[in-house]
Each structure stands twice: as structure tokens, then as C-alpha cells.
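Two complexes follow with chain A in common, the first pairing it with chain B and the second with chain C.
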Partner chain A sequence: MRGGRGIEQSRHWPRHVVDQTSWRRAIREISKGQGDVLSLWSDGADVHMAVLDHESSDIGIVTIECPDGRFPSVGHMHPPAIRLERAIRDIYGFQAHGLCDTRNWLDHGRWGVRHPGLKPEPSDAAGDSYAFLAAEGAPLHQIPVGPVHAGVIEPGHFRFSANGEVVVRLEERLGYVHKGIQQLMVDAPLDRATRLASRVSGDSTVAYALAFANAVENALEIEVPERAIYLRALMAELERIANHIGDIGAICNDASFSLMHTHCAILRERVLRASHVCFGHRLMMDRVVIGGVADDLTAEGESALRALLSEANRLIPPFIDLYGDTTSIQDRTVGAGHLGSELANQYGCGGVIGRASGRSFDARRLPGYAPYPDLSFKVGSAHAGDVDARIWVRFDEIKASLALIEQILDKMPEGSLRIESLPASSETFEGAALVESFRGDIFVWVRIGAAGIVHRCHLRDPSWFQWPLLEAAIEGNIVADFPLCNKSFNCSYSGHDL
Partner chain B sequence: MRKFLFQGLHRPPLTEAAPLSDDPMIAELAGTLNRASRRKLGHSLSIREVDAGSCNGCELEIHALGNAFYDLERFGLRFVASPRHADVLMVTGPVTKNMREALERTYAATPHPKWVVAIGDCAFDGGVFAGSYACVGAVSEVIPVDLHIRGCPPDPVALLRGLIALVEAR
Partner chain C sequence: MAMIFEFVVQGAQMILVLALAPLLIGFIRKVKAQLLRRRGPSIFQPYRDLLRLMRKEVVLADNASWLFRSAPYIIFGATWVAASLVPTFGTGLMFNWSADLIAVTALLGSARFFLALAGMDVGTSFGGIGSSRETMFASIAEPAMIMIVFVVALIDGSTQLTEIAAHMLAHVELRVSLGLALIGLVIVAIAENGRIPVDNPATHLELTMVHEAMVLEYSGRHLAVIELAAAMKLLLYFSLVACIFVPWGLAPHGADFGAMTFGAAAYVIKLAVGGFLLALFEISTAKMRVFRVPDFLGAALMLGLLGTLLLFVSRSL
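Up next, the complex of A and B:
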């Protein structure tokens, strides 16, 4: 972040091209806990790393050129980067020098092509074998689960090594829903790229569209109308509530507490219906567009929201009592799936998971983005780090989001919904953004060429820094508690596999 | 907890009237279903859902089918954990190449007679992901499909309409 050659086309957050010495120094500082890696990615020529400096709270991007296809590994000293480096090698063929885990990650040997992001080489599509990490000892047995799971959920493979009922090691194998979204973005016009970004992870469609739009608007220095900013925040908070309430019900359901599940599902449905009345789509897909929003909030929409608010404010306290007073559910959730603050901080783990383990980070606060500095809200927090804590943080955040929606409606400015037209430019610009989804912070980086064509785009789901922690949290729990722990994390497969 | 249970006794159900099935959907199905299988299975279907690369938007709406408003089970439709217990495979997503074999094996593990319902625009033709090196595209390129329910994602009413058509056509 210090030194190196500044890149002028990078707007909003500075980007510097550094030499190997500075790159290694940055890695050392990060591994000592002086900063968080927000993401690590490649554009097919160089490797970039976005870093949040703890001392200054500044975000910067460092770039290392890799003309010979190699760069010094970050994961070698900072484990959260390992899977990102494996993914970079799968897509672009760039080797992270010193990386201990050389297995493929997203590439399962099924694409019929290697390194699709750079000089694709045809290959057979018969599938690669995958060597799971060993767990040895006479009483241990393995339980393979997935990719097709028993419920209506996304696909991924879990390999448990268990000693009787107790999980000794869990290893995840992901990548099953890799769709090549970042390559589909290459040379895509902005409207198509926005549609793609909105479908990285359907449950966070508003947050993704917002993160992508913010990155583009930062790159092109677009001033978004005030009313659009408030409408975007309104959608983002509705999405947060719908997901959190659904998750609380689903976690309880995984411990067979179906009463809670039923009531949460009803409230979730009411949120989705109100969203549909306001914005014409239950998940509010494609409602955030570059430079503004697609739909205005009508008087009918506002009254639907006010009715939803009073219903939700009435229901949440009894829900809290129902959860808090039922000892049989607490017997399952308290102490289960414990994640310590040390790991949460090392991984820069965002969202409910990080906040339930004492890491208070929330992108709405830091770096912060409009309109949140003008609104007052409490960020959920807990320290126990177990399934129970993750439920309580979700309750806190639902209450905070309900209060936010009330403020947003009260303060809703008048004005236009989006800018008239995108600024014409003959140059290339870069922008980035960090947006808080219900799951945690989404990082998006984009490079846009002349005529508003996306050259490269990188989207990092919060799950990248949460999935590895699930492996740690499940250790020592019984196999039967895995669904409960997994649901309390609720990482995205699609967002991660991209 | 007692309060919640008592409330449940006093309040009318939230469940809404069934939507009418779409005629074109019945037409699509008529060609693929025969009376013999209808007699064998009666008016009940077990569904195994397979995510073959969706963004998880379709899964959210499929989940919603189980809530009190839509109450899927009143139509004799229920989700089962294993393809070996299923009559219907409900498939979402643009079939990623990494999921192709898993989908084929799930289909092979489902006993006859069986039907495949492809959910969402991605499952119809790859949707926004069509043309990617990592996606096959339409579900019908991998396994035979009996019914498409379009939408991005289709809302629960659209899903119900399609599934009721499936039950009625049998």
C-alpha cells in the first residue's frame, strides 16, 4: 500500500503496482494481523489484492505483475487466501509460488478446457480425482455427503472423518455450481453485466446489484440521485430481514423445532409480498440499475411497507420469547458449532458469523456508504461464537433493519430515480466497492473500457472467508449437529463457486 | 410456546385457494404421461429437488411452497430426501459441467415411472449463463424434461400452477 507505482485509472480506492519485496512485506503485515485481505484476484495479466489497513482504516489495492505466470503466495503465510489462490490457478493458470495446497479448487476437470480465463487449452472432460486430506487412526471412519444433498439446498461435497459420533475433520469440496460468471462478464455491456452480477447469489441479489453498481459508479464517477440511494437501502434492508427471518426458522427446523420455522416462514412470505408490491419482484431482482433504480416507491407500496413494519414489530418480540424460553432448542444451539474470535478475525469473517464471534465489522459502518452515515442503527454483536449467538445476532439485525426502514421511509427524499444517461468516455477506468449483504461484505472490482464495456470484473462473496471456518467450527461436534451448524453459517455455494 | 399453539386453534388458516393450472402446461404434459402410470401412483407425487447450478433464487421460491400460504402438501406433493423415493425430479440451474454427472446419476437412481420438471429460465435454456465454458445449458440436453416452469425465479404461484398441472394430467 505504501510505495509502488500508482495507477491513475483506479478511482475511489488507490491501486499500486508493487515489486516482489513490497508484496512480501504486505503479506507479512497482513499475517501479523495489521490488515484484512478483502480479496485476491487476477485480471488475466496481474494479480491484485485488496487490503483493509487496521490502523488507518484505509482500503487499498496492491498489484503484482506476473509475466512468467508466478507470484509469491499470500496463502503461504495467510491461510484465508489459499482457496482464492487455488481458484486463480484454475482460471488463469497463474501459480502462487510457495502455496502448500496445489490441488485444483473450482476446476473439477469437467470443463473440457483448462485455464479458461487465459489461453484456454482443450482437455478431456472425464473429471479429475481429488485427494482429500487424510485423517488416520483405527476408529475413524469417513462419511461422504453430496454434492446432491437431502434437502432443497445447493450442491457441494462434505467429507467427514468421524470417531464414532464425533467429527474429527470436515473437509469441503466446492465448485459444483461454478458458472464462469467472471468470464461471462468479459466484454459484456453494462446492462448484461448487471444482470449477471444480480445472479451471483440469488438470496443476495439486491446486495450484489448494489455492489456492482457502486463499483461501476465509482469507476465512472457517477453521482446517483438521493432518492435512488434511499430506495436502494430500502431494498437492501428488506432483503436482509427476509433472509435473517428465514434463516432463524430454518436453523430451528434443523433441530426439529418446526413451530418456529412455520411462523418465521409466514413472516418471510409477508416481507417478500410487500417487496413485490413495492418493486414488482419478490426478491427485487434487477431493480438496482447503474446510476439509480428501476422502480419508484408508490403510495400503495409505502402503505404496504408500513403495514409490514407494524406486523413485524408486533411479531418479533414473541418470536424472541419463543426461542429464548424454549430450553429444548437451546439445548441444541448453545455451545454447538463454536467459532473463536481469533479465527474470525484472521479470516476477516464478515456478517452474522463474524459478529457472533466478536468481530464487529459491518461494511455499512466501515468503509460506510450512503445513506447509512445519515441513519442511526446498531450493529448486532455477541461473543459466544456458537449457533445460539448467531441466532441472537440475527434477531438484533432484524430489529435494526426494521428501524432502518422506518427511518428511510420518513426521510425519503424527492427527486429522480436514475441518471439520464451514462457519461461517455473514451478511456478505461477502474472502481471497487464493499457492500454489506445479509451474509456479510461483498467486494466487487471492475474495469470498464470505452463505451461502457466491462473489461474485467471480480466479485468476492462473503462465503470465501466463512466456508473454511465451518470446517473449524464443526470439529468436536457430533455428526448429527452438522445441519444445525451449517445452517447457522448459511454460506452461499453459488456466490462462492461463481 | 403455549400461546402460539392456542393462537393456532383460534385463527383461520392462512392457506390460499389453489391457482388454476395453465392449459398449455397440461398440453405439454399430455404427450409424456400415460394412464397406466397414473393408475399406479394415484394422486400423490414425491419430489426430489436437484440444484444443477442455480443462483439459489429458484430454491428460495421452492422453499416458499412449503409455507402456510401455499402449503404444497395439501395437493399430495411432498419433497423427499432420496431420488430412490421420488416420482419427480425438480431441476434448477443451467446445469454446470461440474454438476452434470451428479444430475445424470440422480436421474438414473430415480425409479420408473418418473417425470422431470425444469424450474426457471436457466433450466430452460441456460438463461443468463448460456454460452459459458462451465455450463451445459438447458436441463433437456442432459435428461429428458416433461415440464418447464419459466421465470427468474418463477414465483410460488407459478410453481404451484405447474405442479398442479402435473398432478391433473397424470
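Up next, the complex of A and C:
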């Protein structure tokens, strides 16, 4: 995948501008399983693809110029890229040549403008019709669900083709919460861009802020103080624990097992309160800043965390017993929503979903980022690929994160919280980062111009490669099991729609 | 004079089931909330909900037929009559001569029939799903109920609730077949009332709903009437279990006012105990897969069948 013209301003991971032949060769190699597409995006002029090479475990970015607004489709050979290409076309109007699915994805025809990223053309906001894929046959019927749901959740439309109770095909339609974050980032100063990045998906605000900060720091070659690195990891692990506990409770609640839901809600609340004591915000929003962190951990905060650790370590084993010994909930989760390892590997599916289907990828391990190489932790894994496996991996990760917090507290170095000032530069630099959120790996790429103005930024939520797999996992299950499977995936609408 | 008194007592029974039904729902919700360490809404909240729904306007789909508009009242009427027939605080009431278990089953069956039709009337997919699931469950729940009725009838020599209660009080004895019938009746009651593990009355997941899916298109006073009917149905099953299996405290025919008051107090205690047990059971189990419900109900059917067989076998010995 090397070759082509190297771009010097791209730091940390190399970027190469390639011609069509090399681009197609890269696609072929990826489609043979020699690499994962980490993301595919456009900056309004070129199309970039970040690739993780399986053999060398290196990450590189390949770029193809598309002066005539066309580029050879990746999704044509490698289906995980299909929705990314449809999104590129909606925002920038670049056509993926050879892509079979030409329907709009994020653009529902309600923005009042077409291609807002490149040459905005006004259009009426009446809404486009959308041709759902047909599943034909006499006993089949369609069940439209959403985008407004009976519960207070994010909006997304699900079209089921069902044979009685059995799901024959599920098709998702997303994009209802498109906020245009990547367009808002254009020409934004760094502090505003950091705030924007923190708000891509509120439940993983620390992970997003961390990913954005890492990308910027990679671009500007900023050395972050040691103490800030540990504090960032502390926040990231607290966020992971809170979300995993919440997820386990929510999955059980979708099977009407309210006892587990209540236990988890109480423990999650304790984690959030401890976070509030430590960092002054329950979700720790805006606590990670470029070049460091905003708040220090006080003695009071540390004792709150120690108390939380002992309580969580005491409570988690009974929770595990309660889940594992209740046959009624086991009966629902075991075997439901099975996702095979082939699909998980093909889609480069990260997070709990990938790890429950035998893909043991964790961005904290590979490519790895500070301080994780200095800490020891176990990455949870399972092979069953069902709802049950996803719950067990979550339990494993909670235990691992609790152990990580303990190590972080023990090893917490002294020192400053953030760098004095950002390095002044008159040049343009690019940087990228891959950070593990509780959902999986977040990829961020950023191009920063003179005086710390963000030229372009791309944020790829882990859900991009998980939503399509939900469609596969639900096949053959019954309609009434969908909420359970969906919750066990818990993909982000906001992060995906951006 | 006696005629008027009987009339008043029967009227009191009808008002009682109507008035107590939302309180029972509120009580169960409160107990569940407390067991889950939540404060929970007041036990009178269901009354406020009904009042709120009554005041709201009714939103009808354009293609809703007369059936959709009249079904709530038919369901309400059938359920109210059925609930008034089952003895609560006393037996031998004016209408009790018709308080036949088979009649009660038939009345509830008719109510379900109309609810399932109404669910499909507007043609939304959720209504159809709900009706199809409800009908699937009913096709086993109703035979199971009939088998349980036979068990009770074989023991007590009647399907009339007044006589059953009197017989039970006169011949207190432990019988295996009666135990089987009790378990079977509880299973049927859980399924018929859409409680966990069969259906979740508090769910917000439209794809898993059964009863809620059928009434999804209802609003305003229609919804209020349907919800009140559902509450009365739950009360009815509680009364049924209490009348057949724990008839102590029931005021006999021609009892004075004092005995009836005692009967009412005993009834409220029975409801409270039953409501607490239901809440406890509901929080300790998850909902079962939709296709598992027929197995669950099949157990009730099997228990009823076994009970009947057992009685025949023991009688011929």
C-alpha cells in the first residue's frame, strides 16, 4: 500500500497520494482481508482512506485526487465502505464510480441544500422518497418502525420484512440527527473544534475529546505532560465503566428483567457521582483539552475513586451471579442476535461487538497510545457472537477497567496538567488518532492550518461498521427479539449521523 | 325490602370492582417500585391517568370504522359484567345465579375477540402484530381455562362460583388436583393480563408489545375505557383465585351488613397479598420469548388435563 507521492505535512501516520491503479490495488488487497478500512472520507478536494495493514500492523492513509468529482468505489469490492461513500456523495457530491447503491444516505432531502460540504446548491426541503430494498413473496409483510420510537431514544428508521414473527430482512435508515459537525469544524479555532468534537456522541464525550486531542497533538507534535496522560486515561476508563454498566442494565431491561436494570442504574449513578467529585462534571465533558486536561485530581477525588473501586469490586461479582444464574434472562440472551466472526472481521468491527465475535481488536493495544503500554490489562473476548457473549465481554471490560483505574491511581505521576501554550506555526499539518471508546475505535483525522485554525476534520464513529452488522445479526431472529439485539449492539445514532 | 337490599348489595359489588381496579394497578406498581428501590408514583396515580385520558380529545385514524369506535365500550361492558359476576365480598348476590365460570370465560373471550378485531381495524403493522400474538396466546389460554374449570367443577360438583365457594368452605381438604388447578389458573391469569413474563405492561418497546400494541392507536376516552377494562380484568382474576381457593371471609347468602363488611375487608387483604406476590414475581424474572409463551400456557393446559384425569382415576378407584 506504499507508493505514490508521500505528503510531508502528514505526521504520525504517513499519507500517500496514489493514482487510480494503486487505489484499485489497495482495494483488492483489502477485500482479500489483508487490511481493514479504518475510515473513508473526503476533505472537499480529495478522498482519503485510512488502512490498517494486518501483516505489519501499520496504519497508513491513501489519498486519491478526484478533480472530476469521481473516484473508484471501495464499497464495490469491500461492502463496509458503502455507507461511507454514500455519505461522501451526500456531503461533497463526489461519485464513487462502480458503487451499486446510489441512494442518498445522510441527506434525506430536508436540509434545503445539496452537497453542503463543497458547492452548496439550494433545494427544496420537501424530503426525498427512499426505495427500501424489497423482500418479495406471498407471506412477507413489512413493518416500518421509527424514526420516532415509543421510548425516549435517538431517532432511526428500521424497515423489517417479516414472515410472521421471523425477520427476513432488516434495513436501517439513519441520518435523522445529522448536525453537520464536520462542516462546523471548517475554519474553527482549536478550542471551539474541541468542544464540537466532544459533542459528537454525548455518551463517549471523553473518548471523542481524547481522540481529537491526540490527533491535534500528533499533527503539531505536542508533548503532553505525563500527569495529563494518566488523568485522561482515568476519565476514559470511568466513562467506559459507566457506559458498560448502563448497557448491561438496559439490555436486561429490554427483556423486562428490571431487577438487574435497577442494580446497574444504581452502580452507574455511583460512577457518575464519583466522576463529578473528581472532575466537576458527571460525564466529564470538556475536561480533556488540547495539550492536557482542564482539571486536576484532588485528594478528595482520589478518595472518592478508591471508595468507588471497593464498592464496584464488591458489587460486580453478585451482578455476574445474578445475570448468569437467572435462567429466564439467559433463555433470552443465549443464541439471540448471532454475529459470525467472518462478518465482524470483514467490517473491522470494533468494541464489544467485535470482541464478542472473536475479533480481539482494541485500539488501546493496537496501535496503542499512552499510558496503556505501561499498564497491564486484559481485553475481554468471546466467540459465541450472541447477545449473551456481548454481555459477558462487557462484564470482562468493567473488571479490566476497574483494575486499570487502580493502576492509574497508584502510578499517577506528579507534574503539570497542560502545556503552557500551543506551538505557533505558519504551516499546515495533518494528524490522526485511533482511540478506544466504550463502543469501539474512534478514528479522527485533522488538518490544522496556521495559527491553530482547523481546516478539515473527520471523525469516524465506531458505529459506522457496527450498524450494518446489526442488519445481519437480526436475520432469522423473531421481531420481538430486535430490541434486545439492538440494545446489545447499542450503536450511536448521533455519532454515525454526525 | 329484601329485594331492594339485594339490589343495593349487587350494585355495591359492581361499583366496588369498578372503583378498586385502578387502585390494584396502582398498588402493584407501587410495590414493584419499592422493591426496586424507587419511590414510585402514588397508588392513586391510575385514577389520575384515567381522568387525564377522559379529558383528552380522541384522535381517530381516517380509516377507522364503527368497530374501532365501539369496541372499547363493548370490551368495557363485557369485562365489567364478568367482573361483577365473580363474588368479591359475598356470595349469593342477586346476579350470582349466573356467575358461572364458563360464562365468565366466554365474556372475557368476547372482549378479547373485539379487542383483537379493533387492533387490526386501522391496519397499522403494530396492531396486526399485537392481535396475532394475542390470538396465538388465547388459542391455548382458553382451552387451559376450560380444563381448569372442569377440575374445579369435578371437585365441587358445579361451575357456579357461589356453590363452589360454599363447597370449598364446607370441605376443607388438600387435593393434588386442586393444586394443579391453582397453578394452571395463575399461569392463565398472568398470560391473560399481559403480565411479565408473557407481556410487559410498562414496556416502551413497540416491537415486543402484545396488549399495548393492540391499543396503540387508541387515545382519549377510548383508551381510558380500555385501560379501565384491563384493570378490571386483573381484579377479576384475583377475585377468581380468591373465591375458588381462599374463600374464607366471604359473606354467605342473606348475610347481614356486618358480615359483608368483614367480607370486604378480607377481600381487600386478599387483593393486597396477591398484588404483592405478583409484583415480587414480576421483578424476579425476565420476559420470555414470544414463541416460548405457548409452551408456558401449554403447561397450564397440561396441568388442567392432569387434574381432570387424576379426579377421574381417583373417583373410579
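Heads up, the rule we're going with is that the second predicted complex is superposed on the first by the 498 of 498 C-alpha atoms of A that agree within 3 Å, B and C clash if a C-alpha of one lies under 4 Å from a C-alpha of the other, contacts with A are read in each partner's own complex, and residues count from 1 in each chain.
Assume a residue touches a chain if its C-beta (ideal position, glycine included) is under 8 Å from a C-beta of that chain, and two chains touch if they have at least 3 such contacts.
Only a predicted model underlies this, so the values are computations on that prediction, with no experimental measurement involved.
Novice: Between chain B (first) and chain C (second), which does A:142 come into contact with in this model arrangement: first, second, both, or neither?
Specialist: Second partner only, chain C.
Novice: So, does A:326 touch the first partner chain B, the second partner chain C, both, or neither?
Specialist: In the superposition, A:326 contacts both chain B and chain C.
Novice: Examine A:120 and indicate which partner it touches, taking first as chain B and second as chain C; both and neither are also allowed.
Specialist: In the superposition, A:120 touches chain B alone.
Novice: Looking at the overlay, what does A:183 touch: chain B (first), chain C (second), both, or neither?
Specialist: It touches chain B, and chain C stays clear.
Novice: Quick one: is A:482 in contact with chain B, with chain C, with both, or with neither? Answer first, second, both or neither.
Specialist: Touch status of A:482: second partner only.
Novice: Per the contact definition in the header, classify A:202: touching chain B only (first), chain C only (second), both, or neither.
Specialist: After superposition on chain A, A:202 lies in contact with chain B alone.
Novice: Could you tell me if A:318 is touching chain B, chain C, both of them or neither one (first, second, both, neither)?
Specialist: A:318 contacts chain B only, not chain C.
Novice: Quick check for you: in the superposed arrangement, does A:259 touch first (chain B), second (chain C), both or neither?
Specialist: Touch partners of A:259: chain B and chain C.
Novice: Let me test your reading of the model: by the given contact rule, A:150 touches which partner, first (chain B), second (chain C), both or neither?
Specialist: Once the two structures are laid over each other on A, A:150 reaches both partners.
Novice: State whether chain B or chain C is in contact with more residues of chain A in the superposed arrangement.
Specialist: B
Novice: Using the superposition on chain A as set up above, list the residues of chain A that contact both chain B and chain C.
Specialist: In chain A, residues 150-152, 259, 262, 266, 326 are touched by chain B and also by chain C.
Novice: Considering only the defined contacts, which chain C positions touch chain A in the complex?
Specialist: Against chain A, the touching part of chain C is residues 32, 36-38, 125-126, 128-129, 132, 196-197, 200, 203-208, 282-292.
Novice: In the complex of these two chains, what residues of chain A are touching chain C?
Specialist: These residues of chain A touch chain C: 141-145, 149-152, 164-165, 252, 254-259, 262, 266, 326, 328-329, 331-332, 478-483.
Novice: Can you check the complex and tell me which residues of chain A touch chain B?
Specialist: 108, 110-113, 116, 120, 125, 127, 147-148, 150-155, 175-181, 183-184, 192, 195-196, 199-203, 205, 246, 259, 262-263, 265-266, 268-269, 272, 276, 282-283, 285, 318, 322, 325-326, 492-494, 497
Novice: What residues on chain B touch chain A, complex-wise?
Specialist: Chain B residues touching chain A: 1, 3-5, 14, 49-64, 66-69, 79, 81-83, 93-94, 96-102, 106, 127-129, 131-135, 152-153, 155.
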